[in-house]
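Naming follows writing order (A, B, C, D, E and F), and every chain is counted from residue 1.
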Amino acid sequence: MTGTLYVMNPNSSVSVTAGIDDAMAPLRKFGVPISCTTLAEGPPGIENQKQADLVVPPLLAQALTLESKASGYVIACFGDPGLHAMRDQTDLPVLGIQEAAVMTALTMGQRFGVIAILPGSIPRHLRAFGAMGVLGRCAGDRALGLGVAELANPDATVTRMIEVGTRLRDEDGADVLIMGCAGMAQYRNVLQDRLQMPIIEPCQAAAAMALGRIALNWEGF
Amino acid sequence: MTGTLYVMNPNSSVSVTAGIDDAMAPLRKFGVPISCTTLAEGPPGIENQKQADLVVPPLLAQALTLESKASGYVIACFGDPGLHAMRDQTDLPVLGIQEAAVMTALTMGQRFGVIAILPGSIPRHLRAFGAMGVLGRCAGDRALGLGVAELANPDATVTRMIEVGTRLRDEDGADVLIMGCAGMAQYRNVLQDRLQMPIIEPCQAAAAMALGRIALNWEGF
Amino acid sequence: MTGTLYVMNPNSSVSVTAGIDDAMAPLRKFGVPISCTTLAEGPPGIENQKQADLVVPPLLAQALTLESKASGYVIACFGDPGLHAMRDQTDLPVLGIQEAAVMTALTMGQRFGVIAILPGSIPRHLRAFGAMGVLGRCAGDRALGLGVAELANPDATVTRMIEVGTRLRDEDGADVLIMGCAGMAQYRNVLQDRLQMPIIEPCQAAAAMALGRIALNWEGF
Amino acid sequence: MTGTLYVMNPNSSVSVTAGIDDAMAPLRKFGVPISCTTLAEGPPGIENQKQADLVVPPLLAQALTLESKASGYVIACFGDPGLHAMRDQTDLPVLGIQEAAVMTALTMGQRFGVIAILPGSIPRHLRAFGAMGVLGRCAGDRALGLGVAELANPDATVTRMIEVGTRLRDEDGADVLIMGCAGMAQYRNVLQDRLQMPIIEPCQAAAAMALGRIALNWEGF
Amino acid sequence: MTGTLYVMNPNSSVSVTAGIDDAMAPLRKFGVPISCTTLAEGPPGIENQKQADLVVPPLLAQALTLESKASGYVIACFGDPGLHAMRDQTDLPVLGIQEAAVMTALTMGQRFGVIAILPGSIPRHLRAFGAMGVLGRCAGDRALGLGVAELANPDATVTRMIEVGTRLRDEDGADVLIMGCAGMAQYRNVLQDRLQMPIIEPCQAAAAMALGRIALNWEGF
Amino acid sequence: MTGTLYVMNPNSSVSVTAGIDDAMAPLRKFGVPISCTTLAEGPPGIENQKQADLVVPPLLAQALTLESKASGYVIACFGDPGLHAMRDQTDLPVLGIQEAAVMTALTMGQRFGVIAILPGSIPRHLRAFGAMGVLGRCAGDRALGLGVAELANPDATVTRMIEVGTRLRDEDGADVLIMGCAGMAQYRNVLQDRLQMPIIEPCQAAAAMALGRIALNWEGF
C-alpha cells in the first residue's frame, strides 16, 4: 500500500490549509493518499525570510512524525523553507512549491511571471530563481501589496490579482503566471478564466511532480 | 472518460517503442490510458538535426489522427522534434522528453549530467538547454559513441553507460543523470543501481508531467 | 568560377523574395553571384512554429537541387527554419538570417532590439536567442501586430515600425535594431533615417557573412 | 563610542572560534571592537543544509542579546545561515562570510575557486553562487573530503588543501581561491605562500566589508 | 608605518577631487593615510570611452611617482579606466570604484540600480557589468542627462537624481542604488535621506575595500 | 571610389603585419582596398593589459591620419585595444578582431575554443567574452605558453597549437577554434588541416565583417 503524500503548510492558518486541500482534489484520482497539514508553531502567514527560517525546525520535526506513513512531502510555502534540509532528513521525495511551480511553468511558456504578495517578497523570489539558474526566463515579479491574511478576502484579492496579472502579461511579456503564495490556491480558476493564459497554482504543481516521483520510485537519493 | 496520453516515438523502431512502453508501467496506475506509438515514416533512429526536422511533418499528421481520442501527447525523442509545432497544432498538453527530463532533474540535484548517444548530439543538446535557459545547471554532456540501433545491445551499452555516467558524476560533478535517448529506457534501473544516484528516463519524466497537466486541466493554452 | 550564393526565402511570396533581392544589391559588387529563391511549397508567410517546421523538408529538397551550382546558402526567414538541418546536409556555408543579424548587431551596439511581426513571434525569438547564448544583450522584442502579408502595405508598416522602434530605443535601451522578418527588407533605409540608429536588415547581414565565409574557404565543416 | 562588530560562529567549537578570532587581528587596528562568539546550541561543525537551517533560530536569538552593544554582525559559517533573516531582524550591517568572500574574490581575479570541506557542500555552494548571480565567475569548487573537526589536524589539512588548491589553479583556471569553511582560518598564510596566489579567508573578507559599512553609516536598510 | 592609499581622480577637476576627499572623511579613522589626487593631463570630466582610454597612460605614470609612498590605489572614475593595467604595474592593491561599488551593492540588496550621467554612459556600464558577470543583478541603469561639469550645480542635480532614483526603485525594482560618477560624491546623504534606501558612493565603497585589503596583506598578486 | 579598409596592427612587428596582410588575400577580390598598418609606437607584441592600454592613444592618432582615405578600420590585436574609443572617434565602421572572431565562431559551432598565447591572456579574454555576453558558449581558453615573438618560430608553434587545439576539441568540447593572437595568422590552414575543424583567423573574420558593413552603409552610428 502506498504511503501518504504530505502537503505541509508551514503556517498556522487552517484556512490556508483548507484552500490547499481543495486544490488537491483533481490529483486524488491518481490513487495516492494526499494529506495536508498545518504547522501549529508557524505564524499565520510567512511574509519575510526570518519567518521562513524560523518555521524550519518545527517543520522538520513534524515531518519526522509523519515519516513512517509517508511516501513523499510537499513544502507548501512559496519560498520553499527547509526544502534542502528536508532532503537531508529523508530519502523520500520532497518537492517545494516554488521550485516545482517554476519547473512546470518552464514547460508552459517561454517566460513566466510571478504574482507576489508583498514587495518584500520579490528579492527572496529572485534569489531563489537565481539559485535555480532560471532567472533569464522570469518576465517579471510583481506584488499585490496584500499580506497572507488579506488573501482571504476574495473580492479585493481577485481584483488586484487581475491587475497585477494583466501587467505581467501585457507589459512584462509573461506567457504563463505563477501564483506566488499557497494562500492564493482558491483563485486559480477565476484568474485563468479572466486572463486567458495558464495559471500555475504551485501546490498543485508540486503535488503533481511528487506523485510522478513516487510512482517512478525516484527515492533514496 | 479521460482520453489517452499518446507517447509518440518519432522513429520507426518498434523495439524502441516497446522499451518506452515498458517504462510507462509504473504510471499506468494513475488511471489515464497511455499508448505508445511508432512513426512508420521515421528513420530507425534519429541521430542528427536533419533527421529530427524531417520527422516533424509526419509526426504532426499522426497526432492529428489521434486528436479526438487524446488527452495529451509526449514527443518521445530526446531533441523534442516538433514540440512547439505540436503546441501550435493542439490545445492539449504536449510535453517533450528532453524538456521534461531537464525540469525534473532540476528538482533532484543541483547539476545534471546527460548521457548522449553520439558526439554530434551534444551541440544539439546544448542549444536546447540554452533555449531553456538552464545551461548553468548542466554539469556535462558526454557521448556513449553508440547509435540508436546499437543501444539494443545490452551488455555493451550498460558497460559504456556506467563509464560515461561515472565520469559525469565524478569528474563533472553531476548530482543527477539524464539518459539522453528514448532508446535507453530499459537501462534506467541498472544504471541507478550501479551509480547510486538518481537516473532520469526522459519518457517517464515527460509522461509523469503530462499526467499531472491532464489532471489539473492546464489545457487550452 | 565561384558558385552562387542562394538566398532562400522559405515562403511562397514572390514579393517578399523581390524585396530580399533588392536588398542584395549593395553586396553584388563583391563578385559572387547572388540568387534569391522562393519556396512554392511554403505558406505566403511564416507566422508560427508549425509553419516554420513544415517548410523544412521542401526547403532541404530545394537546396539539394541547387547544390552543384552553389557556393553557399542563406535561409531567409527570421526563425532560421532548417538551419542546422541544412548544415547536416551540405558542407557549404549556411547562414540563418536571425543568427547572422544577431551576431552583426552585437558588433554595432551593446543591446539590440527586435521588431517582430506578431506577439506570438516573441517566444520563438527568445528561445533562439537563448540557444545562441546572447539573451543578456537583448534589450527588448516588440511586435508590430502585423502579419507578413500586411507588411506589403508601406504606409501602415512604416508608421508602426517607427512607433515600435522608438519604444525599443527609448524605453528598452536598444542601441541597434534588428528587423525581425525578411518581409521588412524594403524598409531599412527609411527606418534608419527616421530613428537615427543602426538598423539591421537580416538578409543583408546573413549574405554579408556568407560572402566572407565563401571567400575565406570556411566550408567543409 | 562605536559598538562592537560581532563575528558569530554558529557552531559550538571554541577552537573554530579561536581560529576566527586570530584571523581578526589585522583588522583590530581600525579601532572598532571585534568580538567573536560561539553558538552553544550549534553542532560542532555545520556540514549539511539541515544543520545549517537548525542553527538559525538560536543564532537569531543570540544576536538579539547582543543588539544593544553591536555595530554590526558577521555570520561566520560558509553557507551564510540566517543571513537574510538577520537582515530582517536588525538595521545594523550584517555580512555573511560566503557572500563577502565571493565579492572580495571578484576584485582579485577573474575566476575564483573554492576549497570545500566535503563533496556534499558543493551543491549548497553552487545554489548560493547562483542566487548571487556570479556563477559564471566560479572556476571550480572542489572538496577536501575532510569534515569540520578534521580541519583541526594541521598536517593532513594543509597537505590536502595544497592538492585541492593546485587543481583549482592549474586545471580549473582559478585566479584566486576562497577557503570554504570558517574552520580553515588558520591556514590562509601557509596556503598563500605555497600556492603563490591570493587566498581569501572568508571571515576576514566579511569583517573587512562590515567595518567599512559601519564607518560609512550604511545601516538602517 | 603604513603607506598612503591614493584615491586617484583621473580628471582634471579639483572640485571633483575635493568632493571625493570629503567623502573619505569617515574612513580616515581607520588610521591609513588617504590622499586624493587630480590628473592634470585629464579632461575636466570623462564622458566617453575615448576620454577614458586617453587618461590611462598619464594615470599609470602618475601612479609610478607615488609607488614608493603608497599602500594601495583607488581609481576614482566610474568606468575604472586603467584598472587592470594598474594591476599589471604594481603589486599593491588596486580597486576601481565601479567594480567595488557593484560588489558592495551585491551585499546590500538583490538588485542594484545605477544613476548614470549621460545616456551614452550606459552601454559602457553594461559592458563592465557583463565583464564582472553580474548583469543579472542589475535592475536598471538610467541617465541624469547631465555632464560631469553640470553635477556641480546642486539644485538641478539633486532634483534630477531623485527623479531617476525613484524610477530605478519603483519601476525597475532596485533595492540599492549606485551613484555612477565620482562627481556625485557630495550627494550621497541627501539622496539616501530622500529615497530611504541604501545609496552607494563608489569612491567610498572602493576605499573601504582597499583599506581592508591593505590591512589583510592581500598584496603581491 | 571606395576608401581603404585599414587593418591596424597595434604592435611594432612588421612580420606580424606581413602575416596579417597575407591573410587578407582572399578578401581583396571584393574590390575594397585593404591596407595593413604597423604601429611604430607599439611594443613588439602586446602581452598584458598595460601594454594594450598604452597603445590606444597612438593608435587613435594614427587612425586620425588615415581618416580621409578610410572606409573602415579593423583593430588587429586580440584584446581589441581602443575598440570603443575608435567608435567614439569616427563614424566609419570599426571592427575588433576578438569581437568579430567570436561573432563569426558563433555561426560555425555551438561552442568555441580559444588558443591563447600566454596564461595571463586568459583572464583578459574572459572579461571580454563576459562583456560580449557570450561566456556560456566558450568551451575553453587554453594557452600555448608562447609570447608573440616566439610565434614566429613555425615548428614549435604549430606543434604546440596542435596540442592545445586537440585538448580544446576533445576535452573541452569546442566545435570551432579561434586563434587568439594576430601573430598566428599564418597558421590557420595548417591547423585547419590537422584538426579537421573550422579555425578562425580573427583578422580575416573582422575584415570580412568590415567589408560587409562598408558595402551595406552601416556607418555614421
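Operating definition for what follows: contacts are C-beta pairs under 8 Å (C-beta built on N, C-alpha and C of every residue); 3 or more make two chains touch, one makes a residue touch a chain.
Please read these numbers as outputs of a predicted model, since none were measured by experiment.
Summarising the inter-chain layout, the chain whose CA centre lies farthest from the centre of chain A is F. Distance between chain C and chain E, defined via averaged C-alpha coordinates, is recorded as 42 Å.
Centroids built from CA atoms put chain D at 32 Å from chain A. Chain A and chain B, compared by their mean Cα positions, are separated by 27 Å.
Under the contact definition stated at the top, the residues of chain B that touch 2 or more other chains are 109, 127, 130, 132-133, 135-136.
Applying the touch criterion to all chain pairs gives A-B, A-C, A-D, A-E, B-C, B-D, B-F, C-E, C-F, D-E, D-F, E-F. Those residues of chain B whose C-beta lies close enough to touch chain F in the complex are 122-123, 126-127, 130, 135-136.
Of all residues in chain A, those touching chain B in their complex are 26-27, 29-31, 95, 99-100, 103-104, 106-109, 132-134, 136-137, 176, 197-198, 200, 204-205, 208-209, 211-213, 215-218, 221. Residue ranges of chain E in contact with chain A, taken from their complex: 109-111, 136, 173, 175. Residue ranges of chain F in contact with chain E, taken from their complex: 48-50, 52-54, 56-57, 60, 82, 84-89, 124, 127-128, 130-133, 135.
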